[in-house]
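Here is the structure we will look at, set down as structure tokens.
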Amino acid sequence: MEKPKVAFFDFACCEGCQLQVANIGEGLLDVLGSIDVVEFREVMSEKWDKELDVAIIEGSITNPHAVERIKQIRERAKVLIAYGSCATIGGVNGMKNNFSFDDIRKYVYGDSYQFFPTEITKAVHQAVKVDYFVNGCPIYIPEFITVLKAVLQGIPYDVPDYPVCVECKLNENVCMYDREVTCLGTVTKAGCNSWCINNGNICYGCRGMVSNPNEKGAQDVLTKYKIPMDLVLNKMNMYNKCREIF
Amino acid sequence: MYVILGKERFNDFISRLSEMRRLFAPAVLKGYNNFAFEKVTSGKEIAIKYIPTILPPKKFFIPQRETLLEFNIAQGIDAEAVVEYEPMTIFGVHTCDLAGIQCLNMVFSERPKDYNYLTRGSKIVLIGLECNEYCDEYASCNLVNATFPCGGYDLFFTDLGDYFVIHVNTRSGDEIIKEIGSFEKVDTSHINELEKLREKKRKVFGNEVPIEGKHIPELFDRSFGASVWKDLEERCLACGNCTNVCPTCYCFDIRDEVELNLESGIRYRVWYSCQLEPFAKVAGGINFRKERSARQKHRYYRKFRYPVDRFTRFFCTGCGRCTRTCMAGISLKETLNDLIKESES
Amino acid sequence: MKKNVNISVEYLTRVEGHGNIVINVKEGKLDTCRLDIVEAPRFFEGMLRGRSIFEAQHITSRICGICACGHTLASIQAAEDALGITPTEQTIKLRKLLLHYEMLDSHILHIYLLVAPDLLGVKSFVPLIGSHNEVVRRALRMKKTFNDLCDILVGRHVHPISATVGGFTKLPNPKDLDAMLDMLKGMRPDMDATVELVTSLKFPEFERDTEYVALVSDSSEYPFLMGAIGSTDGVRMDKRDYKKITNEFVVPHSSAKHAKLCRESYAVGALARFNLNSEKLHPKAKEVVTALGLKPKCINPYLNTVAQLVECVHCLEDAISILEDLKGNLNYNEEIVVGLNEHGRIPVRAGNGVGAVEVPRGILFHNYEIDEKGIIRDANCIIPTSQNTGNIEYDMMKLVPEILDRTGEEITLAIEMLVRSYDPCISCSTHFLDIKFINA
Amino acid sequence: MEKMVIKDSSYRIKKAKILHTKKMTENEKFFEIVLKSGESLDHEPGQFVMISLLGIGEIPISVCSSPTRRDSFDICVRAVGKVTTCIHKLEAGDEVGIRGPYGKGFPVSILEGNSLLIIAGGLGIAPLRSLINYVLANRRDFGMVHILLGCKEPKELLFSEELEQWNERTDLYYACTVDRAAPDWAGNVGLITTLIPGVDIEPVRTFAAVVGPPVMYKFVIKELLAKEIPERQILLSFERHMKCGNGKCGRCQIQSLYCCQDGPVFNYEQIKNMSEAF
């Protein structure tokens, strides 16, 4: 069997997810044993403009140029993977959608703001069809490899549609609510092995909300723990702002 | 048979015990009044007074991720069913958790038997520890008759101040006593002390919910349509915490994983919960328990009604973990109280 | 010879982020020479407004995945400065350790995966898997180890978890400390081999005198985390005056804002730190300096990579000493829970704070103004690469005429290598640099 | 950690080989399978097996051939997701893993001496084909046999050649209906429930065997009760999410019952009060 041709592309993002791929370490060589990476700008000078078996996309779609580019990539690629929060749910770039675009452009670039076209931040699937999602900010390497294997096997990968709490409990963490701080684990999709809570921090919701969150219930919990709502709604926006687009 | 262990010998006992097999016990580490069974090698690491750990000892009997098959599909298919296990001792198991393990034993020895569970379980030595007082207001062990020891252990420790009185229940318990040898014989005064403690407990551990255990099945028979469940729909976040921490919940998912060569791999099972959205979904998108209320109801019926027919006991051990862990504040005692109220009105 | 050269490198590779190089030589005269940043703007400072200061670090870490720990530390420093918090000594040690890990991780990535292919005459590390398998394996092994060290210390390298305002939400347990020490000590042979490799590589010869800027301090320590701003032209000022040094201005030939201090441009990064603080390097790093014949003030920008190697040796050894010092002495009561500080356990006040931290690519500034509720009113982040852009262009202007006799391809490679030697992190810099699209 | 092979593990799979495949419709494919050990599957009509594609997953599939054929067995798979789509890629000669048979099927020994009313909706014909072929192979042991078949469109009809044979037989009553007709469709149009009133049966001596999509049951049961078939003689097979087949994993529970062990075939009396069943 010929090795599938794989290319990595990035849009508006911090490139941390690419770095996560590089962080696989020597295991990367095993990965490279089963795929043929034809383009990966961050670490390679080679380019490829032909058909692709797999396109791996990082970053959100934030300007007209990006919309065109992602469409072209989609046309060339048999399978398209969105990886990282920016690509899968809009991620932190979505916070921009909180503001009027002129206002935010002026704030950052002053008088020359008109040089910086921007439009509403979108996740990749809000611009083109996506076949696989690897959520997370950054991606969780074991999940990325699982997805890669699913791609090679030609089978779908379902992002867990249950909250981070599940994994958090299995890791026997003391719940953040017991420590009297808010945690978004209750409404955020699992799959990261409750990474942040394992390290003593709260869940920031980087993997996006579960498909059927009990938002009212979650708000009641905040009231129960006397946590100011505005703080938390704001925090919800850190990653989930693009949810409102469609 | 009973023996005595002086408190001054406790640390020595634990060190010796940890040399025999890997030893797990409720550890002091976690903070915020949370405990966990962890690997220990000295008595100092153990919390003798603790409230139920975040996860019950079921985690040793059904690991969260457990290999069932190892396979290779390079040429045709080649698969072998395996069990991974580890001989160990668990010290400090409360009566509620011993009851939980008894429940699991029943489930997994029912035909078709689950040899993964049974093999692993047969390598685990269980040392119980009596609760002299109520853990906290969430416990309801008396309601389900789990306050006093009733088998399910090799040794059972009761803390009587300066010493532990130890009930030796099995031959492997006896072997430990013989091997470590720091024990003394009991005399009647010790047994009297033990009786006094139990007598006191009988007074303190009352009926946590105003219903007698034997009437609970009827209560549930009347309550399938109760509005109590509707209320839970609003509150439950479907996070699955209540089932993951429950000593008698054992539902699982089975998954396959291959190596990058796509040839060798394993089939494994992981804990899963009836509270999670995809649990009962089938092809065509139908979800047989779509509403959170239906799932919560299922959880309660699986504790208090269904197992009564199959195993003649409740699958709730009164440990209170589900209530303690629920950030939405869904409380088992409260739910039972509400059901009683509703069925009386 | 009157020559026309028209170079346009679209999407410069093996750098973090999207940049274009445009060079236009008309009849032997340099007409255009630019490094353009075409990464889509992400408006981080804009998005920070209205958010809690306790979130700043998590958000700004997402400016750049490569220097996520650096951004985190600069952000925390600025936030603590604004809130009036003094971190404990233990916290400072752990932060220094973290910065060392990131320095090692980033420098190794740059030396092996981004620069080495050029010097070995290939397009990327992929062909090296066949030709130099041992080297690639070593690179990935080192990268992975430094990454794993970050994982142990703060949960992960990309967007660290447990380092927060006020301290750490999780402290490494004794087993972790031992494991980290073992891992670091285990890296020594690989580090020696790296030194050997770099010694064997031939770097292009090119020099241009410029001003170098980095943190300086009076302590005997090679400053990464704390200090004042210093320059090789003799400037020394408080970090709060950072705006004076970065001095952004608009240059006529490009719409990109540049930074300058005493001259038309300045450089930051490993070479700048070396030029200012070389006498404070660890003895083992000094040995490497001697072996490589590196001397301050070194003005060959291509040797920034060599300075990175020297820093690697320094950081590895210093990290080992920090850990040996911490072993057995960690106070676990310092573990904190912060969240959004929803219950006000950390006292909040209005204020303005600056963080200045040496990250792999040079000095990084974060500056926040917060109100009495701890809500960010104003934010500013100045990234090393944007400080370097002007300097890179001046380098190119000097370099191009010197190598005009070469083929277009060779010139392009020389220029690309020049830009790459600065290890530019374009994803970082875009949120304040101007952008211009070139129709080449 | 120590490891041991468990010979009698309930998760052990038997190797099996695909002898023959046939694409039946757009979404359904037929497979004839033989166990490599040479032993017979030895199932009851209505039972199912767990089919494994190692590395992909394991799913429950009804056996659709009669147990009277002992050297091989048939399954019919609708492609709906991960495993089923991959099964469709298999051809004769490929290997699969088999566990089972599992569950309680149609109690053929009890059915003997009675008439049968067999009602299949869509893919429900799969387990019922096993029963029908069993009955036809032992035709003398049964009373009247009615087969009612329904599906959405004619092109979705499964086992069409066999259907034609059944239609031509004089020893059974066969009727078929579709929800939406195609231009060349000459048969009935309408829901399957419309066929029931027309059948002529003696209720006390008749067992009904019903398999179809979940929506179908409520309406069919109503018709059958209207025909005065005793509750205990209405047999229904249920589909639930299943993982282990051993009555442990909890996925297939219908209240206190485990679909994989206590079912999938239940009589109506057993489950009529179980709201989760419908």
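For clarity, chains are labelled A, B, C and D in written order, and residue numbers in each chain start from 1.
Here is the rule we use: a residue touches a chain if its C-beta (ideal position, glycine included) is under 8 Å from a C-beta of that chain, and two chains touch if they have at least 3 such contacts.
The structure presented is a predicted model; accordingly, all values stated were derived computationally and were not measured.
In a view that ignores chain A, the other chains are joined by touching into B, D | C. Steps from chain C to chain D, taking the shortest chain of touch contacts, total 2.
For chain pairs A-C and A-B, the one joined by more C-beta pairs in contact is A-C.
Here A is the chain whose Cα centre lies closest to the centre of all protein Cα atoms. At the far end from chain A, in terms of centres built from Cα atoms, lies D.
Computed centre separation for the pair chain A/chain C is 25 angstrom, with centres defined by C-alpha atoms. Taking the mean of the C-alpha atoms as each chain's centre, chain A and chain B sit 37 Å apart. Distance from the chain A centre to the chain D centre is 43 Å, each centre being the mean of its Cα atoms. Each chain gets a centre from the mean of its Cα atoms; for chain B and chain C, those two points are 51 Å apart. Residue positions of chain D with contacts to 2 or more other chains are 55-56, 81. Residues of chain B in contact with at least two other chains: 257-258, 262.
In chain C, there is no position where the chain touches two or more neighbouring chains simultaneously.
Here the chains touching each other pair up as A-B, A-C, A-D, B-D. Listing the residues of chain C that touch chain A in their complex gives 11, 13-18, 39-47, 49-52, 55, 58-59, 62-66, 68, 109, 113-114, 117, 123-126, 129, 136-137, 140-141, 143-145, 147-148, 154-159, 161-162, 164, 168-170, 255, 335, 337-340, 342-343, 427, 431-432, 434-436.
Those residues of chain D that touch chain B in the complex are listed here as 1-13, 15, 52, 54-58, 78, 80-81, 84, 95-97, 213-214, 239-241, 243-244, 246-251, 253-256, 275-276. Considering their complex, residues 10-20, 22-29, 32, 37, 40-46, 59, 62-63, 65-66, 91-93, 95-96, 98-99, 103-105, 107-109, 112, 115-116, 118, 137-138, 176, 179-183, 195-196, 198-202, 204, 226-228, 231-232, 234-235, 238 of chain A touch chain C. Contact residues on chain B toward chain A in their complex (touch as defined above): 30-34, 36, 53-55, 64, 234-241, 244-245, 257-258, 260-262, 271, 273, 276-278, 292, 325, 327-329. Considering their complex, residues 68-69, 71, 73, 76-77, 79-87, 107-108, 110, 112-116, 119, 224, 250-258, 262, 265, 267, 269, 272, 274, 279-284, 286, 288-289, 294, 298, 301-302, 305-306, 309-310 of chain B touch chain D.
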